[in-house]
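Sending over a structure as structure tokens; questions will come in a sec.
Every chain is named by a letter (A, B, C and D) in the order it is written, and numbering of its residues begins at 1.
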Amino acid sequence: MSKRLYVTPYRCIDCKVCEQACSLAKTPVPGIPAKPRVQTFKVDDQTNFVLLCLQCDEASCQKVCPTDALVRNPETGAIEVNDRCIGCGFCVQACPFGCMDYDDIHNEYIKCDVCKGDPACAKYCPTGALVWDEKAWTDQEAKERTEKKSTDPFSIALEMAKK
Amino acid sequence: MSKTKTSKTVHLTIDGQNVEAPKGAMILDVTPGLGVEIPSLCAHPGLEPFGACRLCVVEIQKPGWDDWYKQLVTSCLFQVEEGLKVWTNSDEVRQNRKVVLDLLMARVPASDVIRDLGNQYGVTKTSYAEVDTEDTCIMCDICVRACHAIGRDAIASMSRGPDKYVDVPDKDACIGCLVCANLCPTNAIPFTANDNGKRRIWGKEFDLVTDERSGEVLGTTEYIEHVRKRAEDKGLLCPEDMKHESARVKRYGYAQKLSHVADVEEPIEEVK
Amino acid sequence: MTSSNGKPFGSVKNLLKRAEKILKERKKLKQEIRVCAGPGCIALGAKDIHKELCKQLDDHKKELEAAGLELNVTLSEKCTGCHGMCEAGPIVTIEPEGTFYTGVKPRDTKKIVEKTLLKDQLVDPLLYQLGHHRGGGKVKHYADIPFYSLQLRVALRKVGVVDPTNFDDFLAEGGFQAFAKAIAEMTPEDVIDQVEKSGLRGRGGAGFSTGRKWRSALRVKEDRVWLICNGDEGDPGAFMDRAIMEGDPYSVLEGMMIGAYALGATDAWIYVRHEYPLAVEHLQMAIDKLTNAGLLGENILGTGMTLNVRISRGGGAFVCGESSALMRSLEGKVGEPRAKYVRSVEKGLHDEPTVLNNVETFTCVPAIIDKGAEWFASMGREKSKGTKAFSLVGKVKHTGLIEVPMGRTLREIIFDIGGGIIDDRPFKAVQTGGPSGGCLPAGKLNLQVDFDTLADAGAMMGSGGMIVMDDHTCMVDVAKYFINFLIGESCGKCVPCREGLYQLYDLLNKITNGEGKPGDLETIETLCHTMEVASLCALGKSAPYPVTSTIKYFREEYEEHINDGVCRAGVCPKLIVYHINDDCNGCEVCRKHCPTNAITGEKKKLHVIDPDLCISCGICKSVCKFDTIDIMSGGKIVSRDVVA
Amino acid sequence: MTPSKKAGVGSPRSGAKTSKTKKKNGAGKNASKVILAATDEILAHYPLEEASLIMVLQELNDQLNWLPPKALERVAKKLNVPFGKVQGVATFYRAFSLKPKGKKTVKVCTGTACHVRGASMLVDELKRSLEVEPGEGISEDGNFSLETVNCVGACAMAPVAMIGDHYYASMTPGNIAKMLKKEKPE
């Protein structure tokens, strides 16, 4: 199984490092940072959430695209925007998770392409909320990663240090 | 779109570089990344090749031809072949690009894009009679093809020959998506993207829909309706949810849903 | 129309039997009067003549019957297609004697019936008169007229012979023998072999080998092959295809049927120019009759072959003569050509394999099958076999439709067949190949006409228009005319053609207006080169030929226009002035007709043209009965005839 | 025919402004009913697909003498072709007129044979006397429209003018007035 980006929401401390890292990694012209492909939200006082493209198997964005500009990269499994994009923005409207976006500074449609197999967000995530992993999680792990809540950044950091 | 999917590859040389390219690709498609620059105004990778501007001409030689014999072809329409030799910047190529730019400069003297491109090829002033026009349309048909691609067919090229022009004969078909204006190589389609919640293009005024939470402009009412319909036709993930104003609105809803927060303050359906 | 019992022919045998029977019946007829119903003759009243002839014959019959006698001549009178010699129309011929009457008027029919038909006498004033250089004299039989005797008719073999509305007539003249032979005795492979061996090249312009085209279509293994007959004859000054479609629609269809048999095609289109309503009418009539006779539709002649032929009328666009544009047009789209890198035998109409041939090409096919490839290949030259139809027009004495073997010289065609230049003026140029062709000067008169020699000389075969020009034709004006024509016909898709033609016209227009600058010719040449190499389709690529060929052969005329402001032919309005010479007798006709009141003068006194008011419209010269109005350019008289 | 100034994006030239029909042609609902009835009648004879478009327009043009916008809309809807494409086709082909025509159309052949025998002078003279441009407009009395055609295939009688089915052979600028007088509708 190829690597995937896994999100463990309870570990997220809304530090926005992933956004920064993504922005820098995707910046075509130095000095003008790009819009990040990943976003973190504070859902409530206790919960943060990382919003990231799910790389759906039957992706809405792909289906609605009139010019086949969204193509899955067989190596990374991620759907990428290629140069056939004519900028109609249908994908932005179609994605139910809001993971397609338009970068009005660099005038292009953007989505997470897992940095061609080396996602900057996961690389720099200090808490392990974002992990680039190839291992398939057991049900128990998955449950734990998605459900376990923690509001204490230190405990998370500790956990990370233990690993 | 017209690229045929095939695993077979062919080998050719472009300006002396050995290139391996998928069979069925056009010469223009395989040049990116080679450090070879071929100017083009009417080609767009996402649209059917058209071959109107003739700026992307290159010289080719097929295996078996006499050494002196080369042919000028448009690279956006010419498929790569095994053993093909391509010259993208020979004297003949530059000469013909120069004449084409000279002609375009006479046609659209007001266009900066053409003027800049012309300067690159040594055309500072057209040698022909300037057509007295403020307009910068060069009839590349990109807008027509793009409008066809998104499924509206609002824009059509009318008449023929030098009288050819581009128009939207059926205003109802236009959804104000601005794709045409954004793709236009010479910025010939005037529009107002957002003027107090109104958008104007092709002589039609549209109401804009704004996302209440982020304040972002989502598009015109007609545009959102078109995407919703298209999404329904394609059988997308949540055609029901597409009836809401936009996916963007749902982003926040889903964010809440996915994070398994039990105490969502407002029900998702009501998020607008 | 159908087999004798009114039912469709069920087999090849039935068809041949029927043909024999008709032929036997025909032999009883003593004479046949043929009235030419080509476009030229119809315009001059051929229909009235036919009506009148029928009436006259009827009257005679009744008269004789009343007297208890029987008409001792059995005859058939029919309207045929174009005889070719349009300028002498309307034409009436009487077979089997071959009596050839020209310039017939309705009132002459009485004489024709009474004298020629009943008493075997000739009506002298209607006979064709030879030119002075041939010793004058009247000719009885058309075979004795050089115009006909030097021709060899293959594609036009039945035009002017058969009644295009009568299927029986076509059978009687040997029609459908070739199709019967192909379907009964030959395999599709044999048919293609024969066509390939004959060396037949496409008559539409490009001259691609027909046999090879068919073979390559056969190689593309697809379920469906479309067959298209291109009758969109857009070249001004060319009307061969029109004459064939109007005068001999069955031969076109027979050729298509043989093609369909060879290729296994089941659907065919005939694309006819919208300006040719009569061609559409005759073709449709022929299709209906053939369908009723079981020669089209399903299970043709009981062989299981299926072919449906439909007619599409072109929308009036010259560019639709280009095959890919024509196919777009058939799909209901704008007729814009497609890049040539995709071959239409693989992906043509509706992206399915398509074979497209010209009307004349299809018409040649039955003759080849009938008489054999060797017969066809024995005519013409090494690389251009067979014959070619031309429309010979312009300032030539015998304008009309001709067909000669490939390899005849221009001189033979223009001077021997065409009879030379009107008023025996000097020959200046001949323009071949329609608007995209080129002009050849007197020095090229000995050129042997075929596909390759014309191309080498900077002209082209095209569809076969041949326009003759005398010294009163301005070559710059001719070039400008063709460019203007092409501006209106360019589809406007690619820049070199759309903008290039526009600018080329602008430059030529300036030259003819006396505003040309030194260096203009070089600009034109550069532009022409780019148009030739960088345009998308054949129309754009060949569009500069009229300009390049005239510059090549008549450069000094361009230079005169630019440097001296002189138009030696007296054509370009801005470079000429009208002047009334001393022979004027003051008849006042010109003064009355002048639209701008530029002419002053009293009765019986010399009139004067005010050059400031004169707009060079030429009306005065056309109305002056005493030929006293001269055209001056650069201070010299360059008088020209307003009306040829 | 000089190359005219070209129109550009959003500034359609004459051809597209079909909505401006003459008052007398749009004599209320009745006229449009007639147009639509004729359109439906023609459409009934063809398969409702894009390939029929040109043939339908041909017949429509033959019958109505021009292509009213209403008819085009109907055709677009029935054949399921975008209206823009129908307009594009209607303006591309010479055979179609998007403007009403005069009672009679004077067609001057400008084929090569006619040209070398002086057809351009005929066109100039007709432009002057009818005060219309070829392919555009109707003469002031509403009787004539002017058109140039590339070749009527009557090259032997050049230069040729055609009104209706009638050919006027070997025309000169001088006898145009006579021809128009003769052809003037009652």
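Throughout what follows, a residue touches a chain if its C-beta (ideal position, glycine included) is under 8 Å from a C-beta of that chain, and two chains touch if they have at least 3 such contacts.
Only a predicted model underlies this, so the values are computations on that prediction, with no experimental measurement involved.
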Between C-D and B-C, the pair with more C-beta contacts: C-D
Geometric centre distance via CA averages, chain C-chain B, whole Å: 45
Distance between chain centroids, defined by C-alpha means - chain A, chain D (Å): 62
Approximate Å spacing (C-alpha centroids) for the pair chain A, chain C: 71
Inter-chain centre distance, chain C versus chain D - centres from mean C-alpha coordinates, in Å: 25
Residues of chain A whose C-beta touches two or more other chains: none
Residues of chain D touching at least two other chains: 3, 85, 88, 92
Junction residues of chain B, two or more chains touched: 107, 157, 159-160, 162-164
All chain pairs that touch each other: A-B, B-C, B-D, C-D
Touch list for chain D against partner chain B, complex: 3-13, 15-16, 76, 82-85, 87-88, 91-92
Residues of chain A that touch chain B when the two form their complex: 9, 41, 43-44, 47, 49, 51, 56, 58, 60, 63-64, 66-69, 82-90, 92-99, 107, 146-147
Contacting residues of chain C [partner chain D, same complex]: 39-40, 43-44, 86-87, 89, 234-239, 242, 274-276, 312-318, 329-335, 391, 393-395, 399-400, 431, 435, 465, 467, 469, 473, 478, 481-482, 484-485, 487-489, 491, 502, 505-506, 509, 593, 595, 617-619, 622-623, 642-644
For the chain B and chain C complex, residues of the former touching the latter: 49-54, 57, 72-74, 77-79, 92, 95-96, 99-100, 103-104, 106-107, 127-129, 138-139, 141, 157, 159-164
Parts of chain B lying in touch with chain A, wherever the complex brings them together: 1, 32, 44-47, 146, 149-151, 177, 179, 182-183, 218-219, 224, 227-228, 230-231, 234-238, 241-242, 246-248, 250-252, 254-256, 258-261, 263
